[in-house]
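A quick write-up on the structure given underneath.
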């Protein structure tokens, strides 16, 4: 097992508030790691630190590059993305005014480095179109490929979100509540999609999720964050039977 | 427009027959537009002038909209690049005209000079746009609008100060295109029809290029940035850098428009850099509809022809600002997505055709 | 006789269709909970009722009056107050100003001082600006700001989110006190136990549709519902 | 430029001039900033409203009642009414629009043209001058410089307006409504604030301030339809330097620009257009939010 | 307290702006409406304008919008009066005269578009107007290009009537004429005034554009040419539309000149005078020469302080001819104020076209150009000719002292001095200077 993403003593403070408090984690290649924790535990801030949206107060983030781990601490989001970290958002963040195909194509263009090509037609590269088609097939979006995204249902938008993350062919996928707001059928589909990708292309996933079924179902490993720090870390069986975790989730109900 | 015949002739013939046989096809419409544009040259002389000016303003607005409609950045200082184009041409013609005449001989000198002046003018614009854009794209939304306004006005005051005597201060610089002798005939470069065809050729090519750009991978990324800059960044797109590149491209096309204006109006005026001139592109774009490729063109048409229409009626002309202001307000209030949007909605009502608010014109 | 009736509302965000015909009936003095996972449409339902995101079709009636197309301030003036999910304490206003603002806008408000008795933790923070409060303190202000208006209907969108267990206990007591004064409450929660403690009836919403309604006891008995719609079960229940 | 003769000139007189210029600019900038801070509207017509203030005051003194103070008050209030009408009729429908900001900008730009033309139609293009109110119609000489006592009055009034506005916004209940609504319009509405009415009220207040600035300018400066054209650009610069939405910022920014315009030309003959814009570029690049924060700060 | 008295005088002068202008506008408005109705009709007749031989059409291009629109408004009074008079008296050669006005917006692009439209769409037979020198310089080659006479009635730069090639900036050609005095003629007069005044040190405060700089250049060169014993100390150029001139005023006051020449105009002049007054300017500086001060600012409400020197391109009282008196009285009846030079220039331009058309019996552009070249004409301003070489009117420079006239309820120049400013005078005074005379 090689480490593809590593944080060391990562810390983020907003004024008095310590949102992330010295998190050290090493994510292994081809694993699906779930990060869970109650609201306000620092999951979103942790994600923002990993992806370069926020600069950490202290600590480092390293990503697997061609020659071992590369320090990307404090790099802007687009560089982190290029270094191989792709994210999907908890609150859907896609290019609403464009069609599904255009959305995916843009991600593919970004990966391709043809961003500065301003004279050929965006849809003229057969290799790229084939790739885009493949991603659409893989994510089951082919039928609605030409629909503008602002006319999609919530579940479809979530899927586009994942398709975008997928299209830049990253080393690590960060998924912030990929099933949020989906109905059971859609959830099942997303879960099997993640598992499929994990098995077929050995993709590494870091997932936050509220739905414990999903967590139990897909995780190779679970990390529990509470108050900005790692409360528990291990296999699903270990973590889900940890008393501290139960407490953290149940709050006063445990008493 | 004319020239290299043989290969194109068969192509044109095929195109023409397709146009005639297939009903309201794209070919047929294009052919009609092309015929209309050529026929325009034989309209009354003033209409040729006005239409030439319209083409220039349309290019101005199209260049502006590359940055606004496609990348989401509202510039209030594109007059700077318009002035860059007009002054570039004026200065080259004034200071290098004689030198060039010495080199190439006086016969074709005006043509060579003007061509060279256009190229140099556009280069000057790009050289100005590089640092101005680099600084400006660090900001977004209203702040971007304000910093571009400030840069535009800095350019305006620079021109007024007449540094080293190159800009001739408030008077601006006269632009005299001269004439060439072809087969014993004296052909004036500034001749209405000739200059119309020249402008038409350049504006049509530039418009086609902009159309290609917005439909290119580069343009797709622009649209992505417009929709969601942070999402674009998360996909590995350097948003700031991409905006910078768009800024430069946008300035380049505006510079071409400015250069053409210098030739048409025969003067490079400091007011080309003034914010009120920058506002022309903004207003034309808003009137036409920023989300449509053709929006700025339609907007420029309305802008210029309404102003002209008003001037034809003394009672209106005496208070044209009143009517123009009222028109602006009416368009903004009653045409939510610009005149093009309004037209498409009308078409939808009449023919039941499907219309989407974005990209109607840009992908068809 | 229901005091608040939501009938078959369809609500959109832009072009995105969020609520697909939601109907609710709440009787005066009742405490009703609306349950569902993230993104199911709970918040949108609340926002539709208070006029922040008016439905495109369907109707909402309050005390016999159609309020579907009223503006949020008009609905507030009829006695409906919302504690929004994201608290939305005015960041540049002090705690006192936040409360006074709400107080002065209501027809028949409670005295502001009463709020400090209800939330003693806020007392020393009177002059602190909203943005300098912790999440829990903000939540208290948000609840107090709604209560000070002495609403007839109190809508609370996930009031326990981010609160320490001790404060959740306090909040439960406060809501009970309020309920005793014949206030009608509509409550959404992810913390189902909090909801079950307070509510008599509940609706379960999923992808913008009501999938179940019944008494709290009925819901509690249905493990399948809890599993499927509320991600409750196994370890964290 | 002869520096030796100029340097000793920067004395009280220049500072008084700079501050009085700054005071007039403050009155227009603070209204602009207030409207932007609460409504999010960049009101291009604010300069035209300033100009209207001067005309209304002139019209009152010449045809209604020859009392300067009454003219200033009536003029300012009348401008407020015009502003409120503009807001209700043409800006209110645009708040919910996706690209609303630009639409608002164009609409207010349209009003610049309309107000210009109406003023030209009613009063003609010729510049008018207004007499200094008798009470302040004397010159003050300090050292080498002589200036009108009226300038001191304008400075005092601007400071008074700043203080009252500050107290109004930070200390009163209505002020807290304004601050609350500016930070979270929807929440304010859900708590019972009639937001459209509050917006109209703020637009009215901002317009009154512009009208007051124009009316107070009338004795210092000639009144012509173009009075507001330059001023609105100065006001934009001030608001950017001070911070969009900030009253303190508007005050400090106005005084900075006033003093720059008063003292600057004596050193840099060629820079009077460029200097303010240069200052604006620098602020935008290094502190884009301006020197001060938002409403009430 | 002489200053205070002046203030009171000015206060008395000031008529109600509301009443005065509403009277004027209701009248003008009605006429404009009728005019427009006529043109709507004309347009409806499918642009038969060119074939309509019964009408003589002239295009009037002035600034009717923006900060300089007062010039357009003044000119409009002049040419409308001429149009009415001529048509009431049988028109031009029996043809009706129609004047079409267009707004140049003070901008070269617009001015050129309007000019082209007037010539090509309305078929005008001649053009007149232009306030801005910058615009006039841009228009000049265009007028030559389309071969249409252009009678400039206001723009004052000498380069406009200095034939191309004489100086780098010269744009004069056969088609551009000017019927009012130029900046060079005006400054010649100013130097003559300076010659007689007890002032050694001179300064200037002028608008920050070509007009401001050229005024100072010509003033200095004329003073030197005429052997005036003068030193030139301080120059200040505030931008157009400056709201506070005080810093510039203190700079000038600091240099302690004896005399100042200022070409400030319009709203800027009004602002300047009131602020200069507050700063004690008129106590500290012996002589202030207002070079365009008696232009649009002559009327009753104008700001010029009594006792100072001012020039005008036309004086309603000089020369004391019947022609001038008739014009003055008619104008006063119509507009309730004395005519400004911009009104007179526009008025006279129309009559110059009338005379040219009647003398040649033709409305052909080239015939008109020939008629104008070297034309001798007489108008309210007096008898003058257009100089053949430059097409510049040989009109005198008129300088005088501002004083209030109770009878006219207006500022006038009294006493007034007229300085002949023909080519000979200017050439000899400019010997050694590289500035062209433009005459």
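Chains here go by letter, A, B, C, D and E, matching the order in which they are written, and residues are numbered from 1 within each.
Here is the rule we go by: a contact is a pair of C-beta atoms (placed from the backbone, for glycine too) under 8 Å apart; a residue touches a chain by one contact, two chains touch by 3 or more.
None of the values given here were measured: they were computed from a predicted structure.
Chains touching both subunit A and subunit E: B.
The chains touching subunit A as well as subunit B do not exist; no chain touches both. Here the two chains linked by the largest count of contacting C-beta pairs are D-E.
The most distant chain from subunit C is E, comparing centres defined as mean Cα coordinates. Computed centre separation for the pair subunit A/subunit D is 50 angstrom, with centres defined by C-alpha atoms. Subunit E has its Cα centroid 74 Å from the Cα centroid of subunit C. Note on chain placement: the centre of subunit D and the centre of subunit E lie 35 Å apart, centres being C-alpha means. Counting partners per residue, subunit D has 116-117, 120-121, 273 as the residues that reach two or more other chains. Annotation for subunit B: residues 160, 321 touch two or more other chains.
Residues of subunit E found to touch two or more other chains are 65, 208. Here, these are the chain pairs in contact: A-B, A-C, B-D, B-E, C-D, D-E. On the subunit B side of its complex with subunit E, the touching residues are 44-46, 49-50, 53, 160, 168-172, 174, 176, 190, 261, 265-267, 269, 271, 308, 311-318, 320-321.
By the touch criterion stated above, subunit B contacts subunit A in their complex at residues 209, 212-213, 215-221, 223-224, 226-228, 230-239, 242, 245, 249, 356, 358-359.
Considering their complex, residues 32-33, 35-37, 39-40, 43, 64-65, 100-103, 107-109, 112-114, 116-117, 119-121, 133-134, 137-138, 141-142, 145, 169, 171, 208-210, 213 of subunit E touch subunit B. Of all residues in subunit A, only 51, 53, 76-79, 81-82, 86-87, 89, 93-98, 102-103, 105-107, 109-112, 114-122, 148, 164, 167-168 touch subunit B in the complex they form.
On the subunit A side of its complex with subunit C, the touching residues are 17, 39-40, 96, 148, 150-155, 157, 177, 180-184, 210-213, 216, 240-241, 245-246, 249-253, 255.
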